[in-house]
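Working notes, structure below.
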Amino acid sequence: MVVITKTDATPGQIDAIVNRIEGVGLKAQVSTGEQRTVIGVIGDKTLLGDIPLESMSGVERTMPITAPYKLASRQFRDESTVIAVNGTKIGGRKLTVMAGPCAVESTEQIVTIAHLVKKAGAGFIRGGAFKPRTGPYSFQGFGLEALKMLVTAKEETGLGIVTEVLTPNEVELVGDYTDIFQLGTRNMTNFYLLREVGRAKKPVILKRGMASTIEEWLLAAEYILSEGNPDVILCERGIRTFETHTRNTLDLNAVPAIHELSHLPIIVDPSHGTGIRSLVCDMTKASVAAGADGLLLEVHHDPDHSMTGDGAQSLFPEQFETLIKELKPIAIAVGREI
Amino acid sequence: MVVITKTDATPGQIDAIVNRIEGVGLKAQVSTGEQRTVIGVIGDKTLLGDIPLESMSGVERTMPITAPYKLASRQFRDESTVIAVNGTKIGGRKLTVMAGPCAVESTEQIVTIAHLVKKAGAGFIRGGAFKPRTGPYSFQGFGLEALKMLVTAKEETGLGIVTEVLTPNEVELVGDYTDIFQLGTRNMTNFYLLREVGRAKKPVILKRGMASTIEEWLLAAEYILSEGNPDVILCERGIRTFETHTRNTLDLNAVPAIHELSHLPIIVDPSHGTGIRSLVCDMTKASVAAGADGLLLEVHHDPDHSMTGDGAQSLFPEQFETLIKELKPIAIAVGREI
Amino acid sequence: MVVITKTDATPGQIDAIVNRIEGVGLKAQVSTGEQRTVIGVIGDKTLLGDIPLESMSGVERTMPITAPYKLASRQFRDESTVIAVNGTKIGGRKLTVMAGPCAVESTEQIVTIAHLVKKAGAGFIRGGAFKPRTGPYSFQGFGLEALKMLVTAKEETGLGIVTEVLTPNEVELVGDYTDIFQLGTRNMTNFYLLREVGRAKKPVILKRGMASTIEEWLLAAEYILSEGNPDVILCERGIRTFETHTRNTLDLNAVPAIHELSHLPIIVDPSHGTGIRSLVCDMTKASVAAGADGLLLEVHHDPDHSMTGDGAQSLFPEQFETLIKELKPIAIAVGREI
Amino acid sequence: MVVITKTDATPGQIDAIVNRIEGVGLKAQVSTGEQRTVIGVIGDKTLLGDIPLESMSGVERTMPITAPYKLASRQFRDESTVIAVNGTKIGGRKLTVMAGPCAVESTEQIVTIAHLVKKAGAGFIRGGAFKPRTGPYSFQGFGLEALKMLVTAKEETGLGIVTEVLTPNEVELVGDYTDIFQLGTRNMTNFYLLREVGRAKKPVILKRGMASTIEEWLLAAEYILSEGNPDVILCERGIRTFETHTRNTLDLNAVPAIHELSHLPIIVDPSHGTGIRSLVCDMTKASVAAGADGLLLEVHHDPDHSMTGDGAQSLFPEQFETLIKELKPIAIAVGREI
C-alpha cells in the first residue's frame, strides 16, 4: 500500500503518518518527489487494522500496489526517477552514455580510452577492476590497482566512473573509488550483495540476470530500494535463449515494459546484448529508439589484444564516435537528446 | 560455389556456363543483378571434376559459399534484393508498411481499416483469411470469402494485399487474390508449403519460426529460393523464451544479423513480437532504427471485438497514424524514408 | 462440457442425446469406453439454453471441462486409452518398442535392422521414407520406394510399421503402407495435416513441437481427435533450450504431466531427446521409470554411414538388445512389462 | 595437463614432481586415488619449456586435458569420486537420500520430519536456515536459530545435515553446524562464494544455475576444486525453459552427460525440478534410472502451512516412505542400491 500525501503536507504531518505506520510494526518507506511525498507501507497490511490512514492530516489518498515489487513500481511513484551523479542526470531528457573497455588493463589503456570516449560524448568511463569469470583460470581483473587507474582516468577527463562490485565485502572498497556501482548479470540474485549496495550511498546499475524475468529483475531492484538506496538504474544486457548466432538475445521489449511497470531508469548494453561488433551500432540505435535512458558500451582502442576475450564485441573508438553522432537525430525523434 | 560473371558477359556465354554445370548433373541457379549475373552451383561439387569453370568465356571468378544456405547468402549476392510488387519496392530505400487486422472479419471491417491505414501511409493491407489456430475450436478465418473482401479493400484503396497461406493445396487459390503470400511462424518448417510457394510467381513473407535459429530461418528461405522464386521477405516476429510478461521476445538482433548474412529484405512484426499494445509503438521505432526494411503491424478500429482474441496487440488507427509520423525522422536518421 | 451416460444406457438413449446436442448446432463427440459412453459437447455452450441434458434418459451427469482441449483431457475420459494395432496394444501394461533407422536406405538395410530389433524385442520397425530436412539440399528420403521396403521388412518380420507423413496430400499414400502415422516435431502445428490424419483410420504418433508447451501439444492432439480419430499417441522427443551439449533437452516431466492431464498414451524418443548415443540408454531407462507407455529408438547396424547424419544418436543393434534386457526389471518396478 | 604417476610412485617422487611444476610458477593439484596419484598442472603450459616431466621418476605419462575445466574432468580423474561424510558415502554403489522441508520452521517441525525421513531411509536431513528469496519481503529463514534446530534433529536421529550457505561471510558460521554445504541455483555464479567453500573442509552440493550450461556448471565446480576442496556434489534441479506447466524443466540428460564428462557425483532434486507434488515420485524414479548418485527431496508433514510457499512440491512423509520402497528395484536394475 502507498500513502500519497497532499502537495502541501508538512514535514510534521509526514512524520506523524510514518510513526503511525511504524507503530504497528510495519515499515514506512518515504519517497520525496518534486510535487508530493509518497509513503510506502511494507509488510502485512492487516496489522493496520482499523487505523484510518486516509483521514490523517496531510493524506490525500491511499492506494494498494498490486505488483510484488512495491518501491520499484510505477504505482508507488508515478514520476520517473532522475539520478544526479558526477554532474550529470540519469533518467532525464538527456541520454547517459557510459563507455570503455571490458577490463581495466593499464593506466595508459584506460586513460587513452577515457579521452577518446569523452571526446565522442560519453559521460562515464566503464571498466572492470574485479571481473566475474565463468572459469577460475581466466583473468580476474587487476582489482584495487584497476580502481586507482580508473580514478586517474577520471581526474584526466572528468568522466564519472562505473565499475562492477562482486561481493558484499568489497562494496566499501569499490565505493571509495567508483561513482556508480555495477552489479552484473551473474549477481542479480546475489541477495546479500543487493542489500549491501542498498545500504551504500551511490547509484547502482543492476544488470538483468541472463535468465531473469522482468518481474524477478524488479524484485532484485526492490532489494536495493528497500534498504534505502533509491538510485537504481536497470540495465538490459540480453537474455539467454536457444539462438546461438548472437551471444545473447537483446530483449528491447524490456525497455518500454520497464517504463510502464517502474519509475526507475533503464539503460541498454548492446555489446553484451549481441556479442558481435558489427551488430552493436544498429542495436544501439534501436535501444535509443525503444526509449532507453542511456547506453553502456564496450569501446577498446585495441580490441584484438583485450585481456578478457571480449574484444569481439568492443567498438573501435572511431566507430563509437560516429555512432554517437548518428544517434542524435534518433534521440531527438523520441523526445530526448544525447 | 558461385560463378561470378564479367560485367560484359553475353547471354550466350551465360548459357554456356549453365549448360556446362547442368551437364554434369548439378543445378545452376541464375541470379541477374544490375551489374552482373551470378550463377549458383548447387549439389556435390566433386561432380565438376576438372572442369575449369574459371577459364570459360564471360567468367570473372568462382567463389565457394561456406554457409549451409547458398542462394540466400550475402556471399551469393552482394547486392541487396529489392522486390517490386503492386507499384512499390520492398528492400529499397523506402520502408514498406503493411497493416491491418489479425483476421478479415467483414467487408466493412477490412475496407474501413484499409482506408485508415492507407491514409496513414501503409502500402499494404494485411488480414487473415485462413488462420492457423492453436486449438481446433477457435475461429479459423472466413477463407475464400475473406480473400474476396481483401480484394474489395484493394479495389477501394489501391493497397496491395498480404495474407497467409497454410497448406500447399491452397497456394493457387490464395495466389489468385493476394499480392504477397505470408507464411506464418507455425509453418516455417512446413517444407512442402515452402516448396510450393517457391514455385509460385508472387513474393513470400517468411516469418521466423518461434524457436528457429537464424540459420534455420535462412535454410527455410533457401527452400523457396531453390524452387525458383527469388522474392523472399524475412519477417522477425519474436521468439519463444522464458519471459512471460510479453507474448514473445522480439529479437531485433536478427535485423542487422540478417543484413550481414543475407541479401534478402527483412521486416519486423512488433505486434506479435510484444503482444501488448502499449509496447508496440516503441518497438516499431526500435525496428526501424535497427535497420528493418519494413513493418507488419496489427491495426484494428475496434480491437475489443476482434474475433481472434489478438485485439490486445492491435493498434488503434489513430495510434498507427501518429506512429507513422513519428517514424519519419528515425527512418531518415538511418538513411531510409517512410 | 461432457455428458457421462449411465452404465446401462442404451444405444437409442445415446442417439437421442447426440441428436439433442446437434439439434442446436453443437458437435457431439462420442467416446465409448468399456464401462460407459461419454459424449463431448463441442462449441458454444450457451446454444444449449435451457435444454436439460442432465434429465434425459441414460444420462448420469454432465461435467464441464476446464482445459482448452476437451477430448484429449483426462476429465473427458478417465480411463487411459489403449490402442490396438498390428496385434499389439499401445498404452496397456506392456510397453511398446519401436525401433529402426532414421531413414530407410535400402531393402537390405531395413530388413537387416528389422530382424535385429525384432529379435531384441521391438514390436514396430520405424524408418523415414519422407524426411523433413532443415535445408533443401539434404537427403529427403526415398519416398514411395522406401515405403515398399518397409512393407518387405514387415512381411519378413511381422513387425508393424511406423513412418512419417509430411503433408496432407500424402496421408492416403503413406496410409496404404504404414500401420502408424508419425507426425514430426516440425509439423506439430501443421493444422491441415493434423486434420487429415484425424480423418484417417490409423493411429497417429504426434511428436511434441520443439518449442511447444504441453498445453499446445494437447491442443494439437485435439485437432486429430476432433476429426474422429481417437488413436493418438503422444511422443516426447526433447525441447529446445539454451543447452548446447545435447541436441535437445528431453523433458521427462512431460510423461507424468501428460498422464495426469490426458488419457492418451505417451511414448518417448531418447534418440532425438539427447542426440548422443552414449546418453541414449540411460535416458531410455529414465523414460520407462517415468512411466512412458513406449519407446521410439534409432537403431542402425552401420550408423557411421547413415544417409541423414543422424548416426551419432543411433544405437548399435547389440546395444539395443542389451538395453531391452536391462529395461525389464525397471518396467516391472513401475508396474509394467516389456 | 595431467601427470599420471606409476602405481608404485613414492611420496618423495610425487613431491619432486610437484616441486618441479611449482618451480616454474605453475600450480600443481594432487589427486590421490586408490590406485595412483594424478597431478594436475594448472596455468600456462609454455612455462614448462623443455622440462621433461615424462621422464621424471614415478611418472607413467602426461596427458593434455581439452575441456576448459580441468580438475572436474573425467580426463583428470578416471575413477569416480566417492565422498565420505557422516558415516555414509556419496557417489558409491549406495544412493544417498537427502530429504526434509524447504525451510526449517521450528525444532518440533524439523525433528518430526527428520524422524520420518530417517525411518523411510534417508541419510541426511535438509532444511533451509538462510533462504534466498526472489523478493525482499518474503520469509528469509530463521538463520542461526535454524542451524541449531538442525543440530537437534541430527542429535535425535543421527542424520547428516545439508543446508544452504548464501554468502562468503557465513561459510564459517554455517560450516560450524552443517555436514554438507548447499549452494543454490541463484549462487552458481557467485564466484567468491564458490572460492570460499573451496577453502572449507566440508563437502559442497553445487546446484546447477537455472540457465547454466553443463560446461558452465563444471567450471563453477572447478572454482571449488581449484581452491583445494575435492568434495563437490553436483545437483541437477531443473533449468528454465519456455514451458510453464512445470516450475522448471528437469534436465535428466545432465545425469549421464556429467558421468561422462566428470568424475564428480551428481544427485537430482525432482522437487524443484518439477514444482508439482504429483510429478515428483515418477521423476524421482526416472532420476535413479538415469544414474543419479543421490536424491534431494522436499518432504513436509504439513505442506499446506509451509512458510516458504513451496509446499506444493513437498511430498507427504507417507509418500516419501512408499517412494523409497519403490525405488529399490529400480536402483538394483541399474547396479545400485538404496
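We call the chains A, B, C and D, going by the order they appear; numbering starts again at 1 in every chain.
Just so we're on the same page, a residue touches a chain if its C-beta (ideal position, glycine included) is under 8 Å from a C-beta of that chain, and two chains touch if they have at least 3 such contacts.
The structure displayed is predicted, hence computed values, not measured ones.
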Chain located farthest away, centre of chain D as origin (C-alpha): B
Between A-C and C-D, the pair with more C-beta contacts: C-D
Whole-Å gap between the CA centroids of chain C and chain D: 38
Chain A and chain C: spacing of chain centres that average the CA atoms, whole Å: 50
Two or more partner chains touched - positions in chain B: 211, 240-242, 244
Residue ranges of chain D in contact with chain C within the complex: 211, 213-215, 239, 241-246, 249-253, 255-257, 260, 273-274, 276, 278-279, 282-283, 285-291, 326, 329-330, 332-334
Parts of chain D lying in touch with chain A, wherever the complex brings them together: 42-43, 68-70, 132-137, 166-169, 186-187, 189-193, 195, 209-211, 216, 219, 222-223, 226, 240
Complex contacts: residues of chain A adjacent to chain C: 211, 240-242, 244
